[in-house]
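In the two complexes below, chain A is the common chain; its partner is chain B in one and chain C in the other.
And now, the complex of A and B:
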């Protein structure tokens, strides 16, 4: 007795790998440079108010919103820096229940071309600074707070500023 | 200038250099002062500084104007993408690295948090959806 579903069966389609096509595809994969974003460095900040944080980083510090798939998570970019903003929740809790919180002293350092002008502009917008402009070795820098109290460092390179030469463009 | 800079406050710059270079693949670019080092890994530049006095020539880790010192710790961190998180965790545990949590599977990937010798967090993640990858 034949299988009643046999009538629905599609004919076997022979798979023809076409070696020249496969070779061309492989060549393309191997020679296509990775997109610039592939080298993005990623930083995660915890914030208490996601909307306020996205507004702050995008309106005042030159970030662009890439994703905001939920009320507790956003992904922003500023050049090669990818900034993840997370509102602390159970998925971030430690095994003992401790939740992450904003704050601390570790921070990203954002380069600006004219620190005095940036500071003046940000002060006008009501941004809170923790320090005045500090002149250091190779840089001038200042520390400011985001709306959740996370630290951001702005710096302007000075004569003698060191940047490692990288082997890849 | 495309390099991304992150500054971490550490208790002991030498111990931090050893940790980041040995365990996490960073390269020591410069260490011109006992309180300062600059490391790099791909496009991430990690500046390590230990707290200094208000009159120290390095300005990145001086106390605040009200005297408040800068200290290690907190929750904000940089993230490093790895291709096999379980294998990385096994290696790091064998080397005695401190973990804040166990592997967590989130929306975009698997992640875990480790600590440097000063207690600063570093997040390791392995993307499991394309959107979470750095080249998405």
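And now, the complex of A and C:
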């Protein structure tokens, strides 16, 4: 015997809401910020040769290519660090036309578990180091150059090392 | 999210509007559904957000909405819940719209169970899972709910005469 209440079944009828509501909700979706803990910290490096930079960071330093939508821009990830690689162009120029250049002394600092082993491996791959391994407060570290001459710091935590614990969402 | 918004919006809004019968409530719950989906896509293991998933979220939002209303009407619900008589003969020609309207007069747990079971067409086991109740408890709830719906439907008839 069929159940008379089966007649209550509502069909799946798409109904368009008011256009103003649809537009307002779309704006909210597009502008809703993600929870802070879910966002990767982002660093941008200027490079002179994008292909060489992507190969270097992915093959040697544990990054993964996320996007390479143009010949002058790539987005890489290493854990929760996002690295943007840009070839300097007019949209980076200062009002007087000055373009940014790779190089300088500021750097990102990447943790490794065995610094000596990482350095030996990278030397074998032909990576240029600017310094030898230095023991500092709480860490051992070394500086290396990427193919465009940007600095990268590798470090291994030692006893007494401190880092704020990440909040989890 | 933006990519499926245009396709999913009428589905989610249609689902909610047919069940709550109020543009204002349907808009609020539609917004809550999509904003919940945005938050979900930021989780470490994001779900596959598609229309079926969004309608599932909308169903939760509707249930939450009814429970909120239910808390405001707790006294009334308590009185009605006390009435456990089983009375379930349905007319062959029942007025479906009037039965839908009568649902709004039921205690909230009964309204939720009947809506999932009959308006959405979910099997009893799926209703039980979503309510967090045992199969047996859900069957009992549905029997009482049908009976209460029958009485509310009849009283609605009386009011119309």
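Operating definition for what follows: the second predicted complex is superposed on the first by the 127 of 169 C-alpha atoms of A that agree within 3 Å, B and C clash if a C-alpha of one lies under 4 Å from a C-alpha of the other, contacts with A are read in each partner's own complex, and residues count from 1 in each chain.
Basically, a contact is a pair of C-beta atoms (placed from the backbone, for glycine too) under 8 Å apart; a residue touches a chain by one contact, two chains touch by 3 or more.
Fair warning: this is a prediction, and the values are worked out from it, not measured in the lab.
**Q** One more residue to check, A:21. First (chain B), second (chain C), both or neither?
**A** Only chain C; A:21 stays clear of chain B.
**Q** Quick one: name whichever of chain B and chain C touches more residues of chain A.
**A** The larger set of chain A residues in touch belongs to B.
**Q** Where does A:107 make contact in the superposed view: on chain B (first), on chain C (second), on both, or on neither?
**A** first
**Q** Scan A:79 for contacts with chain B and chain C and give back first, second, both or neither.
**A** So A:79 only meets chain B here.
**Q** Enumerate the residues of chain A that count as touching chain B in its complex and touching chain C in the other.
**A** 34-35, 38
**Q** Mind pulling up the chain C residues that touch chain A in the complex?
**A** Residues in contact with chain A: 1-2, 5, 9-11, 13-15, 17-19, 23, 26-27, 30-31, 34-35, 38-39, 42-44, 90-92, 94, 96, 99-100, 114, 117-121, 146.
**Q** Chain A touches which residues of chain B in the complex?
**A** 1-9, 29-30, 38, 40, 42-45, 47, 57-60, 62, 64-65, 70-79, 81, 100-102, 104, 106-107, 120, 123, 131, 134-136
**Q** Per the contact definition, I'd like the list of chain A residues that touch chain B in the complex.
**A** Residues in contact with chain B: 34-35, 37-46, 67, 69, 73, 79-82, 84, 88, 91, 94-95, 100-111, 130-132, 134-137, 139, 141, 150-151, 153, 155, 157, 162-164, 166.
**Q** Which part of chain A faces chain C closely enough to touch in the complex?
**A** Going by the criterion above, the answer is residues 4-10, 12-18, 21-22, 25-26, 28-30, 32, 34-35, 38, 169.
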